[in-house]
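Mind looking over this structure? Questions follow.
Labels A, B, C, D and E are assigned to the chains in the order they are written; within every chain, residues are numbered from 1.
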Amino acid sequence: MMELRLKPKVSGLSIPLEAEVISPDVIAGKTLREVEELRVYHGNRAERLGEYFEVEGEVAAEPGEQLIVVEGDVSWVKYIGAGMTAGKVVVKGDAGMHLGSKMSGGEIIVEGSVGDWAGAEMTGGLIRIGGDAGDLLGAAYRGSPEGMRGGCIFVEGSAGYETGTGMRRGLIVIGGDAAPFTGAHMNGGVIFILGRAAKRLGAQMKGNGSLIICLGEVEELLPTFVYDTTYTPTFMRIYLKTLSEKLGIKRAEEYIGRPFRRYRGDRAVGGDGEILVVERG
Amino acid sequence: MEMMRVNGVEVEDTFAEAFRMWGCRVIITAKNQKWADTAAMEMTGFATSVIMCDCEAGIERRLSEDETPDGRPGTAVIVFAHSKKTLIEPLVRRIGQCVLTCPTTAVYNGIPEEEADAMLDIGKRLRFFGDGYQVKMRLGDGWLRRRRFWRIPVMEGEFLIEEILGAKKGVGGGNFIIMGVDEDSTLEAAERAVEAIHRVPGVITPFPGGLCRSGSKVGSRYPFLRASTNTPFCPAIKHTYPESQVPEGVNSIIEVVLNGLDEASVRRAMAEGIRAAVEVEGVKRITAVNFGGKLGKYQIYLRDCLGGEVS
Amino acid sequence: MEITVTLITGRTAEQGVGKEIGKTSERYQRGVNYILLNPRDAERIGVEEGAAVEVSTLHGSTRVWCKLSEDIEAGMAFIPLGPWANRLFDPETHGTGIPSVKGVEAKIRRAEGEPPTLEELLKELKG
Amino acid sequence: MNLIIKGGYVYDPINKVNGEKMDIYIKDGKIVEELPEHKAKVIDASGMVVMPGGVDLHSHIAGSKINLGRLLRPEDHRKDPVPRTRVTRAGVGYSCPSTYIAGYRYAQMGYTTVMEPAMPPLGARHVHEELNDTPIVDKSAYPLFGNNYFVLKYVREGDLEMLKAFIAWLMRATRGYAIKIVNPGGVESWKWGKNVDGLDDTVEGFDVTPRQIITSLARANEELGLPHTIHLHCNNLGVPGNYQTTLETMRAVEDVKPKEGRENTLHIVHCQFNALAGDSWATLRSGAPEIAKYVNSHRHVTLDLGQVIFTDTTTMTGDGPWQFRLYNLTGNKWVNSDVEMEAGAGVVPYTFRKKNPVNAIQWAIGLELALLIYDPWRVYMTTDHPNGGPFTFYPKVIAWLMSRKARTDTMLEIHRAAMRKTTLADIYREYDFYEIAITTRAAPAKVLGLGEKGHLGPGADGDVAIYDINPTEWRPSMYREVEKAFSRAKYTIKGGEIVVVDGEVVSTPLGKTYWVDVEIPEDLEGELMKDLEEGFRNYYTISLSNYPVEDAYLPVQRRVEVVGWR
Amino acid sequence: MPVYRSVVCPFCGCLCDDLEITVEDNRIVKVRNGCAISTSKFLHHHENRVENPLIDGKPVALEEAVKEAAEILKSARRPLIYGLSSTECGAIAKAIELAELIGGVVDNTASVCHGPTILALQTLGESKCTLGTVRNRADLIIYWGCNPLEAHIRHLTRYSAMARGLYTSGGRKDRYVVAVDVRETRMKRVADLFLKVNPGGDYELLSALRAVVRGYGLDVDEVSGVPRDVILELAERMKKSRFGAIFFGLGLTQSEGRHMNIEAAIGLVADLNHHTKFVLIPMRGHYNVAGANTVTTWQTGYPYAVDFSRGYPRYNPGEYTAVDLLARGEADAALIIASDPAAHLPYKAARRLAEIPTIVLDPKRSMTSMISRVVIPTAAAGIEAEGTAYRMDGIPIRLKKLMEPPEGVLPDAEVLSLIIEEVMR
């Protein structure tokens, strides 16, 4: 892959910068000069990318060959990698809202934390977040019935409210704690929570294979989820192996063969989604 | 008929006449090898020949924990039938009756999509056993290779089956015939041949223990019977049968039948089998069954299998 | 002595009346610079009707007058919306635009001084 | 500004001009016989089609219902953001466009008059406020009568005079233009969660039937002599087999005597949704041929299509019970809104899919109606925006009407039910430009009684659309060209002002609002007011005096005076 | 002595329109039919007024204040326009136009009251009706997390529990009334059944009701402090009612769960429509907050939290809402119209308003006006200026002008027009 480096010239802007141009799809095929000239939006002003970033490195011909490395904290930059279809973006620090929203392919790695709406409505690709995620990770934008429709998000830290709202497909793995309403309106897709799951998990989730798996503690389940049984489903082995082998979450393997409590719901919407909670002790 | 000699045993320079068949590899895993094998054996039972069975099936090999998708011991089974279409029904029935029912098992595809010629909706059809309580499981949508499974509630727990299973255009009816001086040497040679054949991936031997002692020929004198034992090769009637092909000194003959997912595997397996067989003292001659090239698409010459090697 | 209560905010008719006279009116200020406590809770922290109490949450603290009423059950407290109450709440909206201002955990104890006046609040706000 | 439009092929059906090359003169906003060239701006329209500005008699563009649709669908807006320009405001488009964008987009297609067809009287101010924010086009709104308490009361009492007085009063109070009836009786019953299932069902709580409501209102309408007929959304909309209800409805008003000077007494709206045959969704087929047969032999009916477009849209009607059904069919989000004493509404997002057999049949039915009814003066192109699809798809509908190839090409992409369960594949008729001019402007203007609209004769409003397509060279196989030309008018002229050039809005004057003013005889009015005062006091939640819409809401108005009583 | 009848009260979302106001010497001397708050509003409207346009607290001419305001807004990169719920629709329209012009964000106070209601509606829809339909038909009324006795004082008598109508000639006795709240408010005395729900437990209770209405059992003894039997019985009563209505307030929107609480309520009501007729109506607070949403929606497609920084409207509560923009320190200038965010927003957000150049349009002095760079007094809509306001149920009503505003004081819309002109110059 050809590596293009973006070094922030400023830090901690109070008005965030909107830079959906930080995407292999936009950058591939351009010259460094053209990359500097790309439009970014600071409040109501349209400005050059080059004003905010030093641009160096190499530009690939195809997005799939493009690696973009953002060298530093850019929690003030929104829409990094939004809509990208291929290639790779690495942020060596925090990133702002809407990171990788609506992306359909490629990979984004954020070493730090991300703002709200990361991976919102994404359909494919992989987002790895080293720190914490904000609210509405992988969620549907307001009004839309469809959230994440494919791809994978792995947050090593915790994730905020309404993670995976309206999720249809794909996988979200939360290494740390999950805030309330994780998996609300899920209608397909899988969410793993390795840390503590807050209440109202899976609120209004329907069927279609929606599944939330809690490997850590669960604060409280809604009264509209029905406990069925405690068992050791075979399929769990596949997921846990996938987490270990494809995402490098080795501790997932510890749960292979462990019994899970199976809950179905949300009865409030006549749903038949599942919450599986690992049996403690 | 020209003869070659392998390890001093006569090998006829003829061909095994094989057919186009569609094969599907099914991976069965279970809590332990015992149950994987049990399911596999049930599933491959009564599946020797399409002459009177709905398919031809056999166990390919056992799989260790690190070879299976769920990390449990497993057994690979391959099922063959004449066409893609006629393959589906036996798979559905056999998995439905022999694997779904068998404690702790799960079923996975054994031929990845990129190697397969077609993907068959087997899990998709079996899901109805869940009576509406089955759950679709999607793995890797949009970031890994997409795989889908069905989770079907059963009394013991949950049966997991992959939604689609890969099928390939394979080869059925690969064979060779071992002729020996007596029963003991012939059987031993055949057993060794089957053992060797099973070292080749993608090949199964659908007959009992891999062996077909009756052989078969097309048709019979009875109008209601499509096939009969291979009378020309029956030593018991070698002098009374008008066109007997049993050589002098041969008193027992066994046919080794094998199907494979592609011609090359069949070829290799035949070679391995023949080589193992000729090691046994008392083996007189090796030949193969064909119908003059009238029936099968494939003519697998023993000479080619053995690399033309004659010693 | 300090107690932990669940704090509820809201509007009151009296606050509405005062607000319509004017934010700088005394009636408005009186209408919003108090906390409603159950007498049993008040007893626990040793305050009486009309005493000043300090209310604090994870996000800030404020001083208001104490009013007692059986209408509010022990373990809960009510404080009308306004410039005294607004110092207690988390501005985080979790992607909704609305901060959580009802059902917040708060600690209450007798205050040292009097509640700030509106002018004092303003001065502080201006920084 | 004076204008001369030179050298275009003019289609002005009201004046029987069929593609003649001629010049059009506009002075002070009106069409005139002739003008000296040096005193006017000259527009070269040679090689182009010149038509009167388009007239849409049924499009939900203003008021609480469409605004609920807007509110409900941020995901729809995100597909189509519209930035501000030097002359135009920002907004959003697609199925629930913001008011400004609706005005611009109509003008961009050469439309200059648009009617909002469902105004709950209690929300009349809201409708007018939105219409005032809908630039360029002239407009009006039809108040809802079919489930109004007072209407039901007077129908029950058989008091046609009071009914007429009430109509006159409500028209003035709401500044409305025509009598709109939605699922008569059904919406009232829906306030108890029920519906009516046909013309002779009894309305919950009132001892009247839909038949009585329709015939009484039609009679009152014709006796008052309102410029438009009753504007009826039939019972049983969206129910398989409902074409029979529609036919029955048409028959029900056969003996209503039309107002002097016209033959028709009934306009059936978005007829496609009411032309379903079969007894379930599985056996659904087109009822359009039966309806067309009836319309072809009866002069008293007009209708508009409610053509279906294959896209994601937002359905909204005053027909609350139907919207509840649709909600249950789709599982999509659902808004219901009942208006005290008067009306109701529902909103449900809906996607018409090519591969859905029902949708494919619906698509074909709309076109069948347009093609099987011989008289283009009585069948009007609409999509019932946004119910069948956004109005921005009109050029597509025009292409389907004008080109059998366009229809066949679509038919090949969609579910084969369109071919099997309808007659569309067997229809060879293709509209020409003249007929398009009839169905999209001349005829709707005529049926609305808008004498100054829909034509280019002297005295008409200076509303002209110029499309960059040469009719002498055009062939039906070139349907994409016609679609393109009608999507972006070369010029749109509104009241003599150039508002669109090359498909771009260049000027945004505020159009006028039409309303009908009928004077009520004094004694009748006195009696009515007594009734109203009592009704308002007991059952309404706003005072009678705060009910009528003030003049402030009609900054540019055109009062259409009607002498209701002679 | 002019007496105005059928005057519309510009205080709460009830927009009662039957007031009688007596004006003497350009001063209101008598209010009939008004509630305590309404009466206070009319009688004291002249008190605590902003007397002059101010810049940094010093009196200036209107033109100067307008110019300063335009200058601030023009040079800002992320200007916020906020408030709008206590003014008439013309001003709201102008505020949106201004926001569009300066590439700013326009938000209204719905974002801190019924914003969650709108978010929920955008997910699920809603089943609602005008207040008269409740008056005429409802035989079951539930007040959930709202207290009309404090905030919508005449609601009970004019529109709901006590009102008599077409099919409810018996008024209160024709109805079963339920109140649900986290504490025992005065509504307990009004209601036939009062349910005390644990704080933050509304979502669970609504969900449980919903499951029961759908025909599922409930295998817990209580939900959020409400016993199972009570839930089962209430669900049954809901299904059996002829016309049911739920009114809800900030007890649902501002507590834990926010929009999800409303979703649960909307879902419950939608499900109930399979059994009977049921509606849900938010108790909108400020008299024209519904209008602010309505106008913003028809002009931009979105009800609040609308960002024009890219030239076209964008919508995202939590991103473009006032509290968030201020608390994150994003807004670099603010124009506050008819609202007092400095008194009501969380301190961190209020603090930001004091840090940046803030402009206030308000008839009266407020916390916000006292920390603002520019203050422009305006006429009080509904008293000194006319215009449209939308009732909580969406009914548009014309506000009346009863008297002249103080000399030189213009309505909000006109001041905004002046600012727009100045910005365009």
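As a convention for this text, a residue touches a chain if its C-beta (ideal position, glycine included) is under 8 Å from a C-beta of that chain, and two chains touch if they have at least 3 such contacts.
Quantities reported herein were computed from a predicted structural model and do not represent experimental measurements.
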> Among the remaining chains, which ones contact both subunit C and subunit E?
Replying inline: A
> So which chain ends up closest to the centre of the protein, judged by Cα positions averaged per chain?
Replying inline: A
>> D-E versus A-B: which interface comes out with more C-beta contact pairs?
In response: D-E
> If you take the mean of the Cα atoms for each chain, which one ends up farthest from subunit E?
Replying inline: B
>> Taking each chain's centre as the mean of its C-alpha atoms, which one ends up farthest from the centre of subunit D?
In response: B
> Per the centroid of Cα atoms for each chain, what is the distance between subunit A and subunit E, given in Å?
Replying inline: 35
> Approximately how many whole Å separate the CA-defined centres of subunit B and subunit E?
Replying inline: 76
> Could you state the distance in Å from the CA-based centre of subunit A to that of subunit B?
Replying inline: 46
> What positions in subunit A touch 2 or more of the other chains?
Replying inline: 116-117, 135-136, 141-143, 145
> Among the residues of subunit E, which are close enough to touch at least two other chains?
Replying inline: 119, 122-123, 256, 308, 310, 315, 317-319
> Which two-chain combinations touch?
Replying inline: A-B, A-C, A-D, A-E, C-E, D-E
> Which residues, counting only subunit C, touch subunit E once they are in their complex?
Replying inline: 6, 8-13, 16-18, 20-25, 59-60, 71-73, 76, 78, 81-83, 86-87, 89-103, 118, 121-122, 125-127
>> Which stretch or stretches of subunit A touch subunit B in the complex?
In response: 104-105, 122-126, 149-152, 169-171, 188-190, 207-209, 211, 231-235, 237-239, 241-242, 246, 256, 272, 274
>> Show me the residue ranges of subunit A that touch subunit C in the complex, using the header's touch definition.
In response: 116-117, 134-136, 160-162, 179
> Taking the complex as given, what residues does subunit A use to touch subunit E?
Replying inline: 14-16, 18, 41-45, 97, 116-117, 135-136, 141-143, 145, 180-181, 184-185, 200, 203-204, 222-224, 226, 266-270
> Where on subunit E does subunit C make contact in their complex?
Replying inline: 11-12, 35-37, 40-41, 44-45, 47-48, 107, 111-113, 115-116, 119, 147, 149-151, 153, 182-186, 199-200, 250-251, 253-256, 258-259, 285, 304-305, 317-319, 321-324, 326-327, 340, 342-351, 354-355, 364-367, 370-371
